[in-house]
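Presented sequentially are two complexes of subunit A, the first with subunit B as partner and the second with subunit C.
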Partner chain A sequence: MIAEFGLAALWLAAALAALQLLAGAMSLTGKGEAFAGIVRPVAVVQGLLCAVAFASLIVLFCQTDLSVKLVAMNSHSAKPFIYKFAGTWGNHEGSMLLWVAVMSLSGGFLALVERRLPERTMLATLAGQAFVSLGFYAFLLISSNPFERLPEPAKEGVGLNPLLQDMGLAFHPPTLYLGYVGLSVAFSFAIGALVTREVGPAFARAMRPWVLGAWIFLTLGITAGSYWAYYELGWGGWWFWDPVENASLMPWLAATALLHSVSVLAARNALRAWTIMLGVVAFSMSMVGTFLVRSGILTSVHAFAVDPERGSFILALLAINIGGALTLFAIRAATVTEGERFAVTSREGALVFNNVMLSAILGIVLFGTLYPLLAEAMGAKVSVGPPYFNPMGALFAVPMLLVMAVGPLLRWRNDRFSRIRRVVLIPAAVVVIVAIGLAIWTRLHVLPFIGLALAGGLAVASLLPLRGRKLSRAPLATWGMVLAHFGIAVSLFGMASESAFSTERLVAVNLGESTKVGPWNIRLNAIQSVAGPNWTALEADLTGRYRDGTAIVIKPQARSFWSPPQQTSESALVTRWNGQLYAVLGDEAEDGRWQLRLWWKPFVPLIWLGGVLIGLGGLLAMIGRVASDIRRIVARDKIAFRRERQGR
Partner chain B sequence: MSDQPVSKAPGWALWLPLAIFANFIVLVLVGLLRPADREVASAMIGKPLPQFDLPAAVADKPGLKTAEMATGKPKLLNVFASWCIPCAVEAPQLGTLAASGIEIDGIAIRDRREDLDAFLARNGNPFARIGKDDVSSVQLAIGSSGVPETFVIDGEGTIRYQHIGEIRPEHVALIRAKLAEAAK
Partner chain C sequence: VIRPKHQRLVLLVIALVVLIAAGLLAAWALRSQASYFYVPSDILADPPEAGRAVRLGGMVEKGSLKTQPDGVTLAFVVGDGKARVPVRFRGIAPSLFVEGSGVVAEGRMEGATFVADNLLAKHDENYVPRELKDMDQHQVKQVVAETQ
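Presenting the complex of A and B:
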């Protein structure tokens, strides 16, 4: 029953999306203004129905209802409850339903709370949101029905890929999708503005919290995903430039650029067409990413069930949605009136520069991700990796970070560099001191060297916008910016340090034997077998001592799952303030010795700490902006109320 | 400094995003519709290997030089990298070929020793020798433009066949046939 109930809710939600699109479009033509009133309620109900459908699927997974094909193919009765629950989105159909649910819920939420946009722009926005949703409903219902029943209930489920059986699955996909798909609201805003040509500071202020919200989730989602891949895959790496990772990075780069350009539009009424284009591009990148991942057109470590038919379907959706939006942009953007002008040396100038740099990095990542396809079209099959992405990305990231350090110190519209020269000397001095120190005491590759020196300077520079201000009176949004920029410095330091100072040992040791990695002394005491709910494992009992400190017990495992049969290595991590020890248990050699892979990675946790700080910075800015918007609305209402009384 | 106006984008520039997107769609359509044609006649086929002398890429395997390639027996020369995902995909097939007594030499492209050790520990090490090519010079000289690629080298050190892209299970028979051809 629950499956049929969920499917019915999904069909109904799709029908309401069609109604929302029609009513919205009709009311815009001027003939059907009577329909305008139903658009918002329809959007809200559509969101709720989709949530019901998603909740139904969760229930089916929690109950392990093996008469449902998706559950039988991806779950197992002996799986721990949390993975039954999170396994709902650990497969293609379930994650697509999560995608659609996030999309329709954010549309519903938008319809419920957004009152600042002119009504016509709002109607066009909601119609746009419904149009995009409709395509994904069709995809889900026609080619990826999650509620399909089996003719005969299966005796037992196939099980979930053991690599996914981790707490990361409970957090990473939902957070990432809230960001990834939340960007659809910005996309619809851009469509709405193009339809009604109402682009200005008020529009930007309305759009900003939606962009900011999606961006916060995207930031946290990518951070969580990176940490998960780091400890779960057992390779000791935290970013692989894998197509799926790039698919989440590209929308983030576009959203970061959008976040900054929408602020310029809100504060200074400049960059009108550019902001609209980024609104279109950000969510387009989410859709392109989904296509690349699920069509199987690129080889990736993330294996979704690959199906060319699905690929063609998403490609058609892409062509319609993105092609349509960009055509609309090309026709209409010329008629969007020019925004305010500004000098090159100004805060706008710095923001424009960084927007261009972010776009360039986006272009590099997109090109690198697609290059294997391009090469294949010409008859070669190749893979592009860190040797391309790292230096090419750095080429644009370094100037961008330098301008990021200076930009917030500049005034709007027109400024002189000489005014801030003395302040900028402080972070510049830090960069020079760190660089000299590194040059004397270490021998590093170019990129880690630049990274470490720059991170030091950036950390100092990011705090400078607070100088000379009464800290208690600085706006929350400023605190948010400072925290986010500081987070970039922290993360950069972690990345550079990991790349510069990591030490690795691959050794075969006998029981009772010790080995060293970096400042650690590791002793293999015993190998024991342990059993979990749906796995058995060999577990190494290690004692680690940092220099001559107290002994810490470390227990990496080599797990064997039986459904589906697969081996995974569960790394063991020891986190100290100055780094992380990473231990993986390998195979037994013929002479009875055991393989151990050990890494000491100084300051590596800062990569993810920085990511969290960036997200928190976004959250602070969000709270600050929304609070001041509410204050502004309340004040405006008060004035209107007084005027009304005086008028009487 | 006076107000320097930032000029408005010209009309044609507004069509640029759409043009880029159209190219993307065409590219992807080609990729989706066309079954990959992996047999490419290389310009280097039939020619002797160029002169090179690559240092060892890992501690426990020697490096690679041209003189050692002409052993009188056909062998495979695999161009790979630890950062290349298709290279991991083809590793089991290389393992199968090596296990059946075929000698495989490797050239590691733009790689680091730690990464290579990890890659070989994870995916197996079918190689007799591994040369380290940090600037892709040898890769380019033998007519390879990407990773992975596999060359069939005959007993005199002449390139007889070039396989572009990963060796999938269905390609193993083809590789064996090319090796047998090179033995004649």
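Presenting the complex of A and C:
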């Protein structure tokens, strides 16, 4: 019953999306202005219906309704409740329904609150949003119906991939999807602006909160995903350049560029066509990512069951949406009038540089991710990994970070570098001192060396925009920028430190025997069996001492799940202020010794702490921007009200 | 002094140059850094240069798997029915890594031995290394019969 209810809500939502598209398009032609009034209400109702459909699926998963095929294939009655709930989106159909629900709810929210733009631009935007949603509705309803019933209810469910049975599943995919799909609003705004040619600061101010919001969620989602992969896979790494990781990085790079160019458009009315272009590119990258993940065309730990029909469907959607948007851009971009001028050495100039570098990195990641497909078409099987991505990414990231240190100090429109030369000397000195220290005391590879030196300078430079200001008077948006840039320095330091100073120990030890990793002394006391709700495990009882400190108990496990039957390694982590100890239990050798894999990773948690700081910086900026937008609207309304009264 | 009108052009040219340079560099780096997939007979016919990162896929020969005295180094032979390559791996093997099943090893040739940094075994029905899946169609059946 609930399944049919959910399916009906989904069909109805799809029908309303079609209506929204038609009504929006008709009202723009000038003949059907009568339709203009229904577009906003339809968008709101469509969002609510889609939310109802998604809620129905959640209920089915929480009840473990085994007459529904999707539940039977992906859930199990003995699974802990939280994974039943989060398992709703731990599969292809459920995750696509989440995608569509977020997309239509964003559209509904946009229709409800955004009143600043010319109504024609809004109608075109909402029609664009409906058009994109419609494609994904069709995809769900035709090739991935989540509510399909089984002819006979299954006796028991197949279960959820044990790698996904983790708290990370409750947080990481929804966050990332809010980011991916939040960008669809920026995409629709770009379409709307291209249709009505109304690009300017007001448009940028309307678009900015959506870009910021999506970017914050992407940042936090990527950070959470990286930490999840780090502790769940048991490989000790935090980024593998896996196609799915790249699929989340590419929209983030585009959104970061868009975030900066939309600020230029809002403040200075420049970079008009470029901002529109980035709006199109950012969501296109989200769709490319979905295509790569959902089609299973590339090998990945993240790929759910593969189905070629779905791959072709998403590819068709991709071609229609991106092709259509780029065609519209090609036709209309020339008619978007030229924005304000600016000099090369100016805040705008620095932001353009940042945009170009981000685009270059985006291109490099995209190229590297797709290269195995190109090579396969030519008959060679290849995979592309860190030896390509790390140096190539760094080549463009380093100049970008250098300009990031200086850019916020420059004035808008026109400035001289000589004006800020003295201030820039401080971070430059930090870089030089750190570099000399590292060169004397350590033998490092090039990339970690550059990373450590740069991180120190960046941390100092990121605080410079606050100098000479009364801190309590600095705008929230400035604090946000400072915090986000500081977060980048923190994260960079963590990455460089992990790569430079990690020590690894791989040994087979007897019970009672000790081993060393970095400053740690680890003793294997016992191996015991433990059981969870749907798994049993071998657990190592280790005691670790940092130098001669107190003993800490560390318990890594090798878990065996029984539905589906699969083994996972649960690493154990000990976090100190200066790093993390990472322990993995391996197999028992024939002579009774146990394999242990241990890492000491100095300052590795800073990678994710930096990610959180970047996200928080975005949040501060968003609060600051939205608050000042609201003040501006209130002030305008007050003036209008007074005028009206005086007129009387 | 650069005129404002020209400055716009300067920015555009710089942007284009950087993006084209990125594309060319990426193409060059991909040619030299991409890791190719080999089956044992490829390695015998045309071995990759020493030290170059490649992947080796095939079946783990029955009776070939030995743990070295240190307890953490595995030695085994990967075969494809036509050729055999000895493999050395230091680390914790994935749980589904057993004799007689398929494996993809990431690593490099050192002399006649393939030194693996990482092993990918068949995880479950949802995750099969792509190369092994292709082998299922063309080769694996005969390969299994011939290797065992």
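Simple rule for what comes next: the second predicted complex is superposed on the first by the 648 of 648 C-alpha atoms of A that agree within 3 Å, B and C clash if a C-alpha of one lies under 4 Å from a C-alpha of the other, contacts with A are read in each partner's own complex, and residues count from 1 in each chain.
In this section, a contact is a pair of C-beta atoms (placed from the backbone, for glycine too) under 8 Å apart; a residue touches a chain by one contact, two chains touch by 3 or more.
Because the structure is a prediction, the values reported are computed rather than measured.
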Partner chain in contact with A:Leu112 - subunit B first, subunit C second, else both or neither: neither
First, second, both or neither for A:Val344, with subunit B first and subunit C second: both
Touching partner for A:Ile630 - first (subunit B), second (subunit C), both, neither: neither
Partner chain(s) touched by A:Ala330 [first = subunit B, second = subunit C, both, neither]: first
First, second, both or neither for A:Arg593, with subunit B first and subunit C second: second
Which of subunit B and subunit C A:Pro387 touches, first, second, both or neither: both
First, second, both or neither for A:Ile364, with subunit B first and subunit C second: second
Which superposed partner A:Ala526 touches (first subunit B, second subunit C, both, neither): neither
Subunit B versus subunit C as contact partner of A:Leu395, first or second or both or neither: second
Shared contact residues on subunit A - subunit B and subunit C: 235, 299, 301, 341-344, 349, 352, 375, 380-383, 385, 387, 506, 586, 595, 597
Residue ranges of subunit A touching subunit B (in the complex, touch as defined): 235-236, 240-242, 270, 273, 277, 280-281, 284, 288, 291, 295, 297, 299-301, 308, 311-312, 315, 318-319, 322-323, 326-327, 329-330, 333-334, 338, 341-345, 349, 352, 370, 373-377, 379-383, 385-387, 413-414, 416, 502, 504, 506, 586, 595, 597
In the complex with subunit A, residue positions of subunit C that touch it: 2, 4-5, 7-8, 10-11, 14-15, 18-19, 22-23, 25-27, 29-30, 33-37, 53, 55, 67, 70-72, 90-93, 95-96, 118, 123-127, 129-131
Touching residues on subunit B, where the partner in the complex is subunit A: 1-6, 8-9, 11, 14-15, 17-18, 21-22, 24-25, 27-32, 34, 36-38, 40, 81, 83-87, 89, 109-110, 114, 117-118, 121-122, 145-148, 164-166
Residue ranges of subunit A touching subunit C (in the complex, touch as defined): 161, 234-235, 298-299, 301, 303-305, 341-344, 349, 352, 356-357, 359-360, 363-364, 367-368, 371-372, 375, 380-385, 387-388, 391-392, 395-396, 506-508, 558, 564, 566-567, 569, 584, 586-587, 589-591, 593, 595, 597
